[in-house]
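The next part holds the structures, each set out as structure tokens.
One chain, chain A, appears in both complexes that follow, with chain B as partner in the first and chain C in the second.
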Partner chain A sequence: MGAYIIRRIGQAIIVLIGISIIAFLLLYAVPADPARIIAGPHATPDVVNQIRINLGLNLPIWEQYLKYMGNLLHGNLGTSYIFHTSVMSQISSRMGPTAELALGCWIMELIIGIPLGIYTARHANKVRDVVISALALIGISLPVYWLGLLLLFAFGFKIQIFPLGGTGGIYYLILPSITYGITGAAYYMRLLKSTMLDVMNQDYVRTARAKGASERRVIYRHVLRNALIPVITFAGIDIGTLLAGVVLIEETFNWNGMGMLAYQAIGNQDIPVIMGTVLLLAVFVVLFNLIVDIVYGFVDPRIRYD
Partner chain B sequence: MSLSWKKGLGTVASIGMIGALLAGCGTNSTSPASSNGTSAGGTSSDNSKPVEGGSITLDSTQAVPDLDPAVAFDTTSAEVDYAVYQQLVTYDKGSYNIVGDLAKNWEVSQDGKTYTFHLRDDVKYSNGDPMVASDFVFELERLLDKKMQPKPSPGSQFFLDIEGAQAYYDGQAKTISGVKTPDDHTLVITLVKPEQFFLKILAMPFLSAVDPKFVKQVGNAKLDTSEAMGTGPFEVQTNNQNEVVLVRNPNYWQKDSDGNKLPYLDKVTINVNNNEQVDALHWEQGQTAFMSPWLMGGDGIPPSAYPTIMTKYKNDVLKQPQNSIYYIGLNMKPTLDGKPNPLSNLKVRQAIEYATDDSQFIKINNGAVEGLNQPLPNTMEGYVKNLDPSATYKYDVSKAKELMKEAGYANGFTAEYWNENNPTDKKDDQAFQSMLSQIGIKLDIHEVTWKDFLTKAMSGTAQMYWSGWQQDFPDPSDFLNTLFNSNQIEPGNNMNNYSNPQVDQWLNEAEYSTDSQQRDELYAKVINKVMSDAAWVPTIQNVGYYTIQPWVHGFYTSPVMYDPFGTIWVDPGHNS
Partner chain C sequence: MSKVLESTDLQNVLEVKDLQIEFKVDEQYYKAVHGVNFHIAPGETLGLVGESGCGKSVTSMSIMRLLKDPTKVSGQIIYQGRDLLKLTENQMRQVRGNEIGMIFQEPMTSLNPVHKIGRQIGETLLLHRGMSASRARKESIEMLKRVGIPRAEQIVDEYPHQLSGGMRQRVMIAIAMACNPSLLIADEPTTALDVTIQAQILELMKQLAKENGTSILLITHDLGVVAETCDRVAVMYAGRIVEEGSVRKIFKNPQHPYTRGLLNSIPKLTGERKRLEPIEGNVPSLRNMPDGCRFAPRCPFAMDKCVAHNPELFEVEDGHRSRCFLQEGGQ
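Right, the complex of A and B next:
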């Protein structure tokens, strides 16, 4: 197991370097000239050039990349072009709110998605399954910003039981979590349902029933446990992605997290901040993939890493 | 100060980050709000005396990127800077008239080149340090330091006509010879040439009074992000990407007409909330004191909320025509990307003018804007009431088709069109595409981010584009000289490559003329010429909308200045 983890960490570093190169190249492929934009319309060419020098944009792109990576190894993600503060401080100030939101959204997805997945699997092809599956399809198709605005209007403006957006404690967390939960839960429900249906046809399930095990025991002990593996995979990647920011939810609810930071940085062509948020996203996704792989071993004793 | 090229960053876009700033000159406004000088929101206690204390909360669609007045160049930064810093002169309440601010009065020499300002002697920064004349010299040197970190001033060009400024800027002199301080309360500025709009330049936030001791202590970077030290009614308590908190400056010098100390409010909190639909709900719910164009990306009332607010809260809305315009630029370069450019043909451009139905753009904008027939708004000095017939285009598709035929493009052609990607502009683009399809021009629309749009358009390679301009200071020079002088092609402001030696000559002459009538005549010639050359299709003139809670008082709109935090007060019990 130890060797496996070390090998996976090595692979993860290579993936992250690859992502950093691609992100860097993509950012420089866009036509916008940050120096020109920052300087404004009346700036003299001298001023534009000086800004370019200040930002290091006068250097060849490979040199800019190496410089960036060199700083990164020292824990320095650079300075925001627009706000002149360190990217690290910007990111760290957004991590707390994003972690709260990510956890809220994730729990809500699971709370809604898992029971519905079990229920529809147990009642597959019945009217209630068809109805719930249709609702799930609608859930997947709903744009989160639309649903979010609708909920804000209904429960923040008309019936004033929740705040009209903003960042804060659990009171502020409920509406965005429900919004994300409704749209995201449908994925869990469909995934769990289809996997459970597969498992239900397995011999060992038939055997359990033949031995007289209760339906509850069959479902929860034999079916669900074995059907959870793909759900765990999905949930692991999901939380990794959520931790890097939920752009549309944060934007709709004015939640000052990583997603909002990334959104603002893209609008401002603030390359160091965009790079920082992209790399962080990559780190989370890679990290949670690794965690999921390790957790497999505990959920399914047949899986071992040598 | 800054100027906005167009409305954008509707989120971050409306006049956005780099967008808009300042304002300036002019004539008198026609809006009820400004013609009355002021227009408070409330009715219940309009006749009662101002109440000291209390606080208000506001929403802004974007954060403040620059607190340092020397480098601030967007509307949100200017909104905050005007509450924190002060300049030598400013504009009288709700008008274009220049009055003293930190200068009690001033004299101008007969040749129009030397300005002697007599400064107030009772002004202190919020830390208690006294304001003296040399503070302005210090700030001017910062403005002209092109190596200033973390970034040099984008407004240095406005001050290069001060004697010795160019030499200082070029690093050939250690001081600016045209600026003297005979004593602590006298500042003398000498220009190389007379500039009729010089006072308007001084009213922009760039040359604010800053405390040299404080600046040296905290450094430029902190001065721009988190630390501020001005003489204005408020001081900055917090500035980050989530909020700006301003608190009363205990050393503020100004008093109201009854002798009460200003400002009335203890605190102003501006929350950064990109979602303008939610911002509108906050206001409807009474959480925020007002919405204004300066904080709401140029719109004041978000387009999505406009119908509701104008129906339900009409009495709480103030309207202020703005010196900002929108237009479709027609690139006149003979070749673009190595291909012949049909728009270099005058008849083609004129055909486009005739094929454009401006009324559709007004409808798309909920009727919240005004039409435009020239490159100056109708509230601006120099506006031509009666254009020459050759400079006037009425919607006439048959005539447009005829011109296309005469130009040799009877079967039309495909043209590239650029705009920012936002919902309102998208509708404008589709309408324009449909208009031009009637004369055989197929528009290939590119809707990109505001920054990408600017980079493309300022490179002079966008064939057609929807853009805009908002005054830096209210003078026709800021529009016409900046946008049509051929010397502005390289800096990127003359984005359609308009080049006419005769127009250049008129513009250069008007730039340094001290004769107002002569300037107006020269600018009228310029306007008629560029319109008969069909360099642009002027589309709409922006109108600013302000929604003010009935419990907010002392608010007034201005064609030039930002929101008047210093005079606002609220009914007791409405500390939002």
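Right, the complex of A and C next:
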């Protein structure tokens, strides 16, 4: 197991280097000129050129990349072109609220999605299943910002139970989490339902019934655990991407998180910040994939790493 | 159950009467099992033999009431004097795994991959004997020893994928026999196993059944298995029993052309070597069942009467009956 994790971390580093190269190349392929953006539309070519030299943008791209990666090794993600503060400090100030929001959204998705998945699998093809599946389809189709505004209007403005957006503890977290949960839960529900239906046809489920196990026991003891693998995979990737920011939710609920940071950085052509957020997203996705692979081993004994 | 049960019902562990099973295909019901009758006496082993699709597995599943909806099952399945078809689901659960144990064809997939062997055997004891987890574990180790698994103390904590097919089938037998059932239903228990393992598994089943006085309903397509294991045999064809009797009588004096065909299609080790004779044609599909004798389209002796009428089971000799007009009038 230990050797496996070390090997996987080694692989993860290679993946991250690959991602950094691609992200770097893509950003420099964009026709916009950061020096011009920083200098403003009225600056003289000399000024723009000076900025370019200061930022090292005149160097060949591979040299720029190596310089960037060299700094990265020292924990330096560069300085924002626009705010002139370190990217690292910007990211770390957003990380707390983002982690809070990501966890809230994720848990809400699971709380809504998993029980509904089990329920619809147990009652597949009955009216209950059809109704819930139809509602889930509506849930998937709802734009989060629209649902978010609706909930804000209802429970923040009309009936004033929740704050009208902003950051600051669990009280502020509830509406955005519910909004995301409603739209995201349907994926979990459908995934779990289809896997459970598949597992229910397995021979060992028949064995469990032949032992005299109740339907409840069959579902929770024998079907569910076998049906969890794809859900765990999805949940891992999901939380990984959520931690990199939930732009639409953050925008709707005025939540100062990573999503907003990335969104604004893209608008500003603030390349160091964009790079930082992209790399962070990659780290989270890779990290949670690794965690998912380790969790597999606990859920399914056939998966063991040596 | 207001009906006064006949005395034979009480003597037999299981008495299946006029069993009909219908499956829904494209909004229409088709009969897969058509008026099947058989009984099993205490300690007796009955072989239910036939080709794939003849309704033998479905019959065994219907005894456990494990067929999925939409399926119609009618008739009577009288186990120890109770009609299983009339029990509630809760009552039926007390029967499954407790009074009737079941072994399936596929040992590789019949055990839950995520639970330890001990827990899978112990579950039956937990459910029906109300044992504590630690008692059930001890009992599971005992069961593993009884089914001839070496290193039982270690195997109890292993997972199914760590065992071979033969070992897994032994575990399945341990699960089925854990509560000392009066009836063991074995649905093709050796089909998926190597020939050398097959004999061991059959021997084990026979031995355990003998120790506990358990009756066995053995579902198989393999007449060799029947010859080795069973006391009596019922041959099924296209949802009907076409011949039944003691193993000795059926093997010595097969009457129904289908049974004869089956016997001719197994290779013999002794005597003159001949070409194997397959039975020509195929089993009729559920949707196109012949009106008369269902074997008539494939039967070398078919007469006009066979196409128009369905023969009943005619008594050939004491305890040996055949569903064929050739035996009409006790020929």
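Methods note: the second predicted complex is superposed on the first by the 306 of 306 C-alpha atoms of A that agree within 3 Å, B and C clash if a C-alpha of one lies under 4 Å from a C-alpha of the other, contacts with A are read in each partner's own complex, and residues count from 1 in each chain.
Just so we're on the same page, a residue touches a chain if its C-beta (ideal position, glycine included) is under 8 Å from a C-beta of that chain, and two chains touch if they have at least 3 such contacts.
Nothing here was measured: the structure is a model prediction, and the numbers come from that model.
Taken together through their common chain A, the two structures put chain B and chain C side by side without a clash.
Using the contact criterion defined above for the overlaid structures, shared-chain residue A:83 touches chain B, although it does not reach chain C.
Applying the stated contact rule after C-alpha superposition, one finds that A:43 touches chain B and leaves chain C untouched.
Counting the residues of chain A touched by each of chain B and chain C gives the higher count for B.
Of the two partner chains placed by superposition, only chain C is touched by A:203; chain B is not.
Here's the short version: in the overlay, chain B gets within 49 Å of chain C at its closest Cα pair. Across the two superposed structures, the residue set of chain A contacted by chain B and also by chain C is empty.
The touching residues of chain B, counted against chain A in their complex, run 2-3, 5, 9, 11-13, 16-18, 62-63, 65, 73, 146-147, 149-158, 169, 221, 224-225, 240-242, 271-275, 277-278, 281-282, 284-285, 287, 449-452, 454-456, 458, 472, 482, 490-493.
Within the complex formed with chain C, the chain A residues making contact are 202-204, 206-214, 217, 221-222, 225-226, 299-302. Interface residues of chain A facing chain B in the complex, by the touch rule stated above, are 30-34, 36-47, 50-51, 54, 79, 82-85, 90, 93, 149, 152-153, 156-157, 160, 164-167, 251-254, 256, 260-261, 263-264, 266-269. Remark: chain C residues 64, 66, 93-98, 101-102, 104, 106, 109-115, 123-124, 127-128, 159, 161, 172, 175-176 touch chain A in the complex.
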